[in-house]
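Below you'll find a set of structures to go through.
After this come two complexes, each holding subunit A, first together with subunit B and then together with subunit C.
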Partner chain A sequence: MRKKHAHIKFILPGFLFYTCFVVLPIIYVFGLSFVEWSGMGPMKFSGLDNFIKVFTAQNFAPIFFHALGNNVKYLLCVWLIITPIQYLLAYLFFIKIPAHRYLRFMVFMPYVISSTIVSFFATLIFNPIFGFLNKFLEGIGLEQLQGAWFGDPKWAFKLMVMLIIWQGAGSGIMIFYSNFMDISKDVMEACRIDGCTEWQRFTRILIPLSLPSCASIITMSSIWALALFDLPFILGGRNGGVSGSLDFANLVFYRYTFGNALSGRSELGFGAAICVIMFIFMMTVTVIQRKILKKFEYDT
Partner chain B sequence: MGKERLKKRFRERNTEILSPSAKIVRWIFSIVLLLYTSITIFVIGITVMDSMKSKGDLVTNFVGLPKAWTLENYVKVLTEENLLRYAANSVFLVVVGTLGCLFLGALTAYGISRFEFRGKGFIVAYFLIGMMVPIQVSVLPLFLILRTIGLLNNLLGLALVYVSGISMGCFIFQKFFQTIPMAMEESARMDGAGDFKIFFRIIVPLCKPVIMTVALITAIGQWNDFYMPMVLLGKRSTYTLTLIIYQYIGQFTKHMGESMAAVIITLIPIIVLYFLFSSQIVEGISGGAVKG
Partner chain C sequence: MKLKKLVAMLCTFSMLGMLLAGCGGEEKPKESESSQEESAGGSQEPAGEESQEPEGGEESQEPAGEESGEVAGGDVSGTITIWEHGFSFEESLQAVIEGFNKQYPDVTVEYEIRDGDTYNSVLTTAIQSGDGPDLFYTGGTSDAVMGDMVANGAIMDLTDEVDYSLFDESALSRSIMDGKYYSIPWLTMDTRAVYYNIDMFEEHGWKVPATFSEFETLLATIDEAGIIPVSAVNSYFSMLFAYEPVLSGFDAAYTKGLADYSVKVTDQPARDALQKMVDWADAGYFGDNWLGVVDGNAMLLAFTSGQAAMMIAGSWEITTIAENNPDLNFGAFEIPSEDGVAGLVGTPANGFSVNAATQNKEAAIAFANYCASLEGQTIWVQSQGGVSASDEIEAATELAKQISESGQGNIYTSWHNVITNYSTDGSAVLFWEENFEKVFAKDMTVDEFMDGLAELMQ
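Our next item is the complex of A and B:
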């Protein structure tokens, strides 16, 4: 009864839009990375020059690698601090600690608040002159603890991670939580009857059964960790905060592509090369991670 | 009957018998979390109160209740600072972006999940690319493409980009369509209904909840977006609310009251949506994750 190729008329419109504005740009950026072009006039093919410049240019390479280092530092925070916190909170909600409904509602709420507003709130709290925190410390007589917060390279990065936890942890918590809820009731019942302790249930049942979902969350949050932009940009300014403490690869890209920081004019080919390097870096991290996480997966 | 159910519920609640120490640990965790979540209330509450203070009151009395409640900040941002115009820009982007994204996403997902064809696996993977590659990688080409077709610094251009971001919606819709039995469509087809008629008359009404979920997360994401508007909307008349707030952060000390009011105006729609539909939003976020 069914006509052949009936699927095409459903897929085609979406396919066209998606190809033009999502896939084509990704291919285009690879092409751009091999040319020298200021955005106007003719393009000049320059082979690998842009990439060589990224790695060797005196006035660029140190800044870029410092920023990339910050990205890696943040990535480690995601793996070692943020994800475990998310997992723990999901578990607490799963075992229904007191007031868990209200807490779930409130913990997730900042996730729907825009990063600009989150930064605005951060300014209210941490601004050295009128921020609540310094005022509060003054009020209780602990002036020596007052700080410049985001203006202090020692604090800026830590505070940003805290802000990200406050704003963004909700999604991971909810994904972990919904995976805990998917675990069959029979298994839980059986382990209760067999008299296993809460700790045993946590380590022997919940962790192994939720590992596959952990793998995908960690992969996604790693990709986003390497693409971090909004909060450091708004809080630290486009130059990456005090002594580069909030400088990330994406900020460098933005500065050098749209802000003419390299030689006074915009060099789009150079910007594209930064993008390609970031992309390759992301893919490498993702692939390595997949390989490592696969080893931990249980055979089911 | 009712008694039975009550008993059952009682039993379910008491499946876990907790030792006193385990109970205490749980209470400690929940008190810590209560304190932690009160930060959110505190910050939003202060902003609401500060937005209703007069200028002099705000400088001397930053934290605390206003001496006299006033709406002058709101009046000022809405009239002098033209906030309505930027709000209209944001609303336009979200409405066009979300509706277009829903329409294309659902259509594509239906085509993929309901028909058998060669290269299906490739198409499924192809539409996932958008979820795996962050927008920052493709923003420069997007900038150039929009400039070429003359839609840079134009709301329509950014709306096009939003409409094309169907990966997430397409993925969620596919998962949902797989749960609808084929039988209904088969019988409709017997009665001579065409493919599109089946889609709009039978499938769309069935997936109202999932449409709602995808619509919510797409709309919230677009309303909150900062990076794309910043790069692609360079002209002040096309600014969105998030860009205006970004500007206010830069000159906060000059326009304290106004910036508070602008933040609250931007925040209200999102918070209202969250209070009304928090479970659907959460479902969308956790459903959009690639599981396994």
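Our next item is the complex of A and C:
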């Protein structure tokens, strides 16, 4: 009998901890999404009103969908630009390009700086009035190239992606790199003896054998992409920058849920509805992604 | 093996402990320095100490518990906690607490500065959960928070608890709801002003404008000299604080009408004044690429570092500007109308309310009364370096006096306050927040913005 219940005792602490701090809050947020509540006084049941408002309110729906569009745009950047760059750099370090140790350190170093600090310094560098970049351009006689940078919708999103690559690429590179290092030396030697070119080794050996790390990185980055907040908040302000170029779903959630110091309106029920929608959206993306990536796992 | 397990368990528990401690975002409350110094036997003169003797105090009704200085507070004791919403108020709060502790030495006053946009939601959550502070700042009737608290019985009715005899009707406008008082105003005028670099003006021979067209000409002249005329930031808050004084100078008669809502916030003068600002932005009067300035501190820095000749901002920025560059020689003025009339846009500031669920009502009320006293108000106004909204309190700085005098005794209602107070369902202010910046970014025309706003106004 004892043995039968041993597994329950084993999982109970973790189960309780996870239930209290993850499952219950999620259920609470789901519950909140059906009420109208400022955080004070009794909650007023409002049925699906909050959800209907998110999807149909004339003054809100376009803003939310624009922000969600930016999330998707960024998600595509993660898939098509950021992850390939991480992969390529990891490969270059793996094949030990000149000064690879130094470069590896330099690429990884910004990762330890918090994104808030990175964003703050970015605002100083790209400040159009006294920022380093415009002053530098002025100094070398290229005033015509000066710009508003994060205040220019043509530049803002691109600059943010560049900043994320600069700051956050290190983690993915390290995971890819570790995965490369884990590949059996026998396999690498064998392919070399068999006369593989570098390109063949890359496409036939490294890529297939590193798909597990690709799957983890893509999954994590996708979730992160859909939950982006701190960088655009600091770089573009709480309204998501000029023409909403840096507006993301989490920023919309933030300003509509907590109001601001001037108007002071808090709409926790409405904010919870945004959360639920984002939760379902992220879950859908992750599940689809997982199904696709699972096919590749077979090959490994 | 056992030792290994033990070490592993200890490590796990200590990590868990640290994790949980880290999760608790509660700020450690600060006890006022004065209170600590008092208990150590030290005594530091508070700012504005010389005004401690209330002039004309005989006429005013003595607040409860304050009638005989230190003796009066002898029977009030315990600890109270206060929440303030910005670091720029910290020094003033410390000074007020210091003054209060002289009368009530047995009361320990702790305070927390909760800076940032989430102040209101953190406050309401804390009060709802029963962990709210004894006294706290709200925007009064300027926003929805105090009303929400009144509706839910979370805020104490101070009508019969606090002596309000020091304040006139305008000072109490943000404290009163349904004929009852729920907060203590501060007699600092929350107004806006044009700050200008005096040395730069003198060097180029520029004069403080006497009419609106002179102001507009000045902008062009400064721009021609290769200097940014006005330091601005692409944020609806900051642009509002610029727009309101521009509106008052553009059409003083219209702005006066906002007080009783005899004019609408979206009438033609409001549209034209906003269009004027958009035109100024296009002309480069805020800098060529000013839309990229998203941080209020950057706007401040551009002015204090001499990159821009002027900055239009709140009167509460006086001390921040001075601290940012102590060597900066700067003055302030209000934008005059075409016939030379100028005024101050805004109202006296709102201060603290008392939590209905306070565990130490006696001390909380005593503190509220101290805030409502001439002494408390004098300390606050002078330590803030703010524009005084009372004849009985002299502004502490020359600059604050300059702003007061520049207002020529005229007080205009804030355009934003009207949006808040006369919206059909409270959503007008959200519309303004979301779209004001879009007008300057040309995502929306002035008319589209105003028409959208008009639909949400009474």
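By our rule, the second predicted complex is superposed on the first by the 266 of 300 C-alpha atoms of A that agree within 3 Å, B and C clash if a C-alpha of one lies under 4 Å from a C-alpha of the other, contacts with A are read in each partner's own complex, and residues count from 1 in each chain.
Just so it is clear, a residue touches a chain if its C-beta (ideal position, glycine included) is under 8 Å from a C-beta of that chain, and two chains touch if they have at least 3 such contacts.
The shown structure was predicted, so the numbers you read here are calculated from the model rather than taken from an experiment.
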Query: Does subunit B (first) or subunit C (second) touch A:Arg192, or do both, or does neither?
result: first
| request: For A:Met220, select first, second, both or neither according to whether it touches subunit B, subunit C, the two together, or no partner. | output: first
Between subunit B and subunit C, more residues of subunit A are touched by B
Query: Just subunit B (first), just subunit C (second), both, or neither: which does A:Ala99 touch?
result: first
In the overlay, answer first, second, both or neither for which of subunit B and subunit C A:Asp152 touches.
second
| task | State whether A:Asn239 touches subunit B only (first), subunit C only (second), both chains, or neither. | result | second
- Would you check which partner chain A:Ser171 touches, where first means subunit B only, second means subunit C only, and both and neither mean what they say? first
Query raised in the report: A:Thr123 contacts which: subunit B (first), subunit C (second), both, neither?
Result: both
Exercise for the section: Give one of first, second, both or neither to describe whether A:Ile63 is in contact with subunit B, with subunit C, with both, or with none. Expected result: second
- request: Could you tell me if A:Thr284 is touching subunit B, subunit C, both of them or neither one (first, second, both, neither)?
  value: neither
Where subunit B and subunit C land on the same part of subunit A: residues 39, 123, 127, 130, 257-258, 268
Listed in rising order, the residues of subunit C that touch subunit A in the complex are 85-86, 116-121, 124-125, 127-128, 138-139, 142-145, 148-149, 151-152, 154, 228, 231, 234-237, 287-295, 298, 301-302, 305, 307-308, 416, 420, 426-427, 429-431, 433-434, 437-438, 441, 443, 452
In the complex, subunit A touches subunit B at residues 1-2, 5-11, 13-15, 17-18, 20-26, 28-29, 32, 39, 89, 92, 95, 97-100, 103, 105-117, 119-121, 123-125, 127, 130, 132, 135, 166, 170-171, 174-175, 177-179, 189, 192, 198, 212-213, 216-217, 220, 223-224, 226-227, 229-230, 234, 250, 253-254, 257-258, 268, 271-272, 275, 278-279, 282
Subunit B contacts subunit A in the complex at 15-16, 22, 26-27, 29-30, 33-34, 36-37, 39-41, 43, 46-47, 62-63, 104-105, 107-108, 110-112, 114-115, 117, 123, 126-127, 129-145, 160-161, 163-167, 170, 189, 195-196, 199, 220, 223-227, 231, 242-243, 245-246, 248-249, 252-253, 259, 263, 266-267, 270-271, 273-274, 278, 281-283, 285-287, 289-292
Listed in rising order, the residues of subunit A that touch subunit C in the complex are 38-42, 59, 63, 123, 126-130, 134, 146-153, 235-239, 241-244, 255-266, 268
